[in-house]
Amino acid sequence: MIGKLMYTWANDLFPINRSLTGEGVRQTLNYINKLIPNLSIYEVPTGSNAFDWVVPNEWTVRDAYIADEFGNRIVDFKTHNLHVIGYSEPIDIWLNRQELDSYLYSLPEQPNAIPYVTSYYERRWGFCLSHNQRLAMPSGLYHVLIDSDLKPGVLNYAELIIPGEINEEIFISTYICHPSMANNELSGPVVTTALAQWLNSLKNRRYTYRIVFIPETIGSIIYLSKNIDQLKKRVIGGFNITCVGDERCYSFLPSRAGNSLSDDVAQHVLKYTDKNYKRYTWLDRGSDERQYCSPGIDLPIATIMRSKYGEYPEYHTSLDDLSFITPSGLEGSLMALQRAINIIEKNIYPKVTRLCEPHLSKYGLYSTLSSKNLDHQIQTMMNLITYCDGSYSLLEIANLINEPFWELIPIVNKLKANGLLS
Amino acid sequence: MIGKLMYTWANDLFPINRSLTGEGVRQTLNYINKLIPNLSIYEVPTGSNAFDWVVPNEWTVRDAYIADEFGNRIVDFKTHNLHVIGYSEPIDIWLNRQELDSYLYSLPEQPNAIPYVTSYYERRWGFCLSHNQRLAMPSGLYHVLIDSDLKPGVLNYAELIIPGEINEEIFISTYICHPSMANNELSGPVVTTALAQWLNSLKNRRYTYRIVFIPETIGSIIYLSKNIDQLKKRVIGGFNITCVGDERCYSFLPSRAGNSLSDDVAQHVLKYTDKNYKRYTWLDRGSDERQYCSPGIDLPIATIMRSKYGEYPEYHTSLDDLSFITPSGLEGSLMALQRAINIIEKNIYPKVTRLCEPHLSKYGLYSTLSSKNLDHQIQTMMNLITYCDGSYSLLEIANLINEPFWELIPIVNKLKANGLLS
Amino acid sequence: MIGKLMYTWANDLFPINRSLTGEGVRQTLNYINKLIPNLSIYEVPTGSNAFDWVVPNEWTVRDAYIADEFGNRIVDFKTHNLHVIGYSEPIDIWLNRQELDSYLYSLPEQPNAIPYVTSYYERRWGFCLSHNQRLAMPSGLYHVLIDSDLKPGVLNYAELIIPGEINEEIFISTYICHPSMANNELSGPVVTTALAQWLNSLKNRRYTYRIVFIPETIGSIIYLSKNIDQLKKRVIGGFNITCVGDERCYSFLPSRAGNSLSDDVAQHVLKYTDKNYKRYTWLDRGSDERQYCSPGIDLPIATIMRSKYGEYPEYHTSLDDLSFITPSGLEGSLMALQRAINIIEKNIYPKVTRLCEPHLSKYGLYSTLSSKNLDHQIQTMMNLITYCDGSYSLLEIANLINEPFWELIPIVNKLKANGLLS
């Protein structure tokens, strides 16, 4: 199944040491390019400006460890890439236990988790480890080594344009800048990859699809700085895809405006996919929607998630691993996004072609025997028709009559086939 | 009282075998014409088109029964006209018990009720009976006879125009196509008849009243097809009158738009007539509002009811008989409709003629002694005045200050008499 | 503290026998003029017209008592000025106990309270006393004397204009026409006096402040009749200051429109000052907002109170004395009004100067180390920025992000200092 396939991709991508820049990002994009061959991969040089921001140095880390005085590696980047702070500068030094302590990061309240820590914009070095491991480190001398570079290079991102009948676009964004973490982040690129394959496979697409795989924050800012005019002109809806791998819940985060087509669509899909889905507000934002919906940018981007970043205990630790996400968690998210896109594609403003109710039994669409109760299917058809005045979209009608959008499509088709809807 | 009178009319009309067409409709309209002499009765020939519909054949049934092999009539149209399916075609046949069964209709969950079944638009025949009676029919041979006609004829309806000072109209509709059932349907035409007599008796009417007695669905569609231009130009409010005979509750069904004057008026009346009235939605519709509010027709028609069609167990069975409705049930409904019409007639946009509060004690409208508490009557007067800025209708003011519209009328008159309102 | 000072003023003003007109009003205004020297005191002659009203005679009372047949004063105006009905005409008469009774006013349900009663617009005389005292008055003869005048004179009020950078005005009104009562009324003028001193002391004021001390109702009507054109042109917000002395609760009464700047500001202040504040509606109005918000006047005046007039048992009785109000009750009210004025003064429409989120760490406004949790202060700054699109006022943003307006001011200043807001 597609869920298992996505899980395999996540498994392959998991060990790569991604960061904002560098070899890990390139390996990740190359892997995805094999799955979606028509990807365009861009590079932006260190020092390039993007609004208030500047592309940082490219970071490379070859080795990093803390060893005891006998040379035993106590904390080793090669066993888990979360052990070294993202963008750590190179260091090679002997410190005693107490001196070392100010370079260590751990979570007392989650003593078995290695935290994820970065320092992109200030030179720093440090190691992350479980709190239990930290407590177990005896006094003595330690050899600390980080064999890393921070040198001018490039920042990479990928873009895929899937053309449709019209130039108006659906914009899909996901990020590829976190090391070995599964829900936040690998669920995002693998579900986006499957979505791209599905969109490519569709025979008819009304809208053009613009899909980007970028480093979070700096990547979306760079992408916006290069494409904002076109995006503002063309994008009529879209989604930031993140945290779509587990099975604990579905959740929704609105756009800043809160009333865009994407918001309406996402809420409709989630209402009929998981009636207990969690609703967050714009105040809970935390991913690239921060840029896409910022003042003056104002793209109509909403977010459909499973367990939201910042809201599950495993978030940004080594516990957000491949056991946290599941094939069916990924597949449910993919289905929700496909439903959302199908709604945008098929969201017509239907208009009935007859004054008064059509004589449905004439078309074989109504029981010829009238008694006390009406079949639910017929009732739904009549409820649909009663709002087909050309002023309501099919999505608005679905909300008005409390039916999932996708169950109205066959009814619309039947009515169209009988000439009853235009 | 008027309640008892209305009940008498219902009693007279009960035995008549009404259907969409035929002698029963004509007898019913003639009876009503004696109570409201200026009724215009129209006929529309079989085969006439009305939007998506066609006027059906006229149906006549002279006799119908199931007899056992000894000639005993087991099920007999002459004992209850619900026993034969509406629009049954003629039949004269001998069948055994098992063959007969597929032509029988009963309600296992209401074993003493004869259901009401029709087949207007497909030729069919059948008998309705209580489930207990059905179970008691032994095996053996049965003689089935329906002496009926389905022949080109006419469909009848009646219209009454009661002129007012202006051409804008209040539209009142009720239906006269159901055989012996009381709440749905006879309560409708008898309350409408009393309402018409009352409207005729009024000395001043601002609005013109258009009242129709029609067969449900096909009748309203025919009426609309003939009068839609004038209706759309003139009708500013109105009510479909149905299910107004019992005392179990009051209920409200909105227009499709839900925010018309009729909706506001009906909800105000019901709020102050029965604070526990039931509120239905447009999705619960089921009578001629389906046509009056359909896309492109969009008349502002709401519905004030007692127990709503489809919502009480006796509905569309022989249990909806004269014991289900009462004189005071009918009278309460009439009063609610009269209140609604009075509101529409008197819904001015009052404007106070003074800046700041008027000096009410100068006009004898306020206590000259000021102490802790204010009389409720005076408080209501001051609450009314404070919203008389010409932007709120009297109905909106009544809602804002939580008082029944009809209790504001004497206050408005007093203020006008003192020159304080224009 | 300012609370104690305001309480001292209330203490000084308490014994004065104020009414709509007369020496008590003048003494009160003169006292306030010593605290705010630039007050303009106006007089309007008896008989002057103001909309539907006429300035009444000036009332003077020198002595008033009920004495028993031995000359013992049983009820004496000199012991409490509530004992005589406001605007009592002169009388000098002997009555027996029963005759006297129809001129006595007491409250059976509050047997120790002297009620406050007036008869401004109908000649009348009477005495108010506690119900216990009334019951204790034996049969016998009583000598009743009221040494009062009702003669043409003047009605006085005071106005203070404190100029600001622009001509648009904040309008503050309070009343000075009640005899010895503390919450309703002295809390009003003393808090208004402190507010005026504070406004005078401010170095920068954007708005011009118009502050009036007037007799209730007739005073506001007169003031409006003289100043309505200017008020309608200039006033953008304001407050009626009444019942601001006790500590039982905070409360809010909206303007008639309910959605003015003053309403929004008052509700924001109260939400973050006392989350359990009471919300009244326009139907609960009872002071000069009745005139300021009347049809055609429509000034944007809301009311921030402690225990509202008419809603606490001591209201309009001798129990509303100096023990009912407190220094900290007065001070809390003053602070709430200062907060409200500060919001109006500083309610800009901020606009961020960068597309996408500013790179806050560049300005030292953000942690350079990214881990699981974000500091509340930084989160608030980012929440503020995300709504700085020039379309939301700072007050609207404060409501959107659930922070008190006054806590956003230092953040706005920091962002402005870094060139991030315009």
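Couple of notes before you dig in:
In order of appearance the chains are A, B and C, and numbering begins at 1 in each one.
Just so it is clear, a contact is a pair of C-beta atoms (placed from the backbone, for glycine too) under 8 Å apart; a residue touches a chain by one contact, two chains touch by 3 or more.
Just so it is clear, the structure is predicted and the values come from calculations on it, not from any experiment.
Taken together, the touching pairs cover every possible pairing of the chains.
Interface note: chain A and chain C, two copies of one sequence, contact each other through mostly non-matching residue numbers (shared numbers fall below half of all numbers used).
In this entry, chain B maps onto chain C through a rotation of 120 degrees when their C-alpha atoms are superposed, rounded to the nearest 5.
Note: centroid distance chain A to chain C, computed from Cα atoms, is 55 Å. Not a single residue position of chain B touches two or more of the other chains.
Residue ranges on chain C touching chain B, taken from their complex, read 50-54, 105, 107, 115-122, 124, 217, 220-221, 224-225, 228, 256, 282-283, 285, 290-291, 293-298, 310, 315-317.
Of all residues in chain A, only 351-352, 354-359, 361-362, 368-372, 383, 386-390, 401-402 touch chain B in the complex they form.
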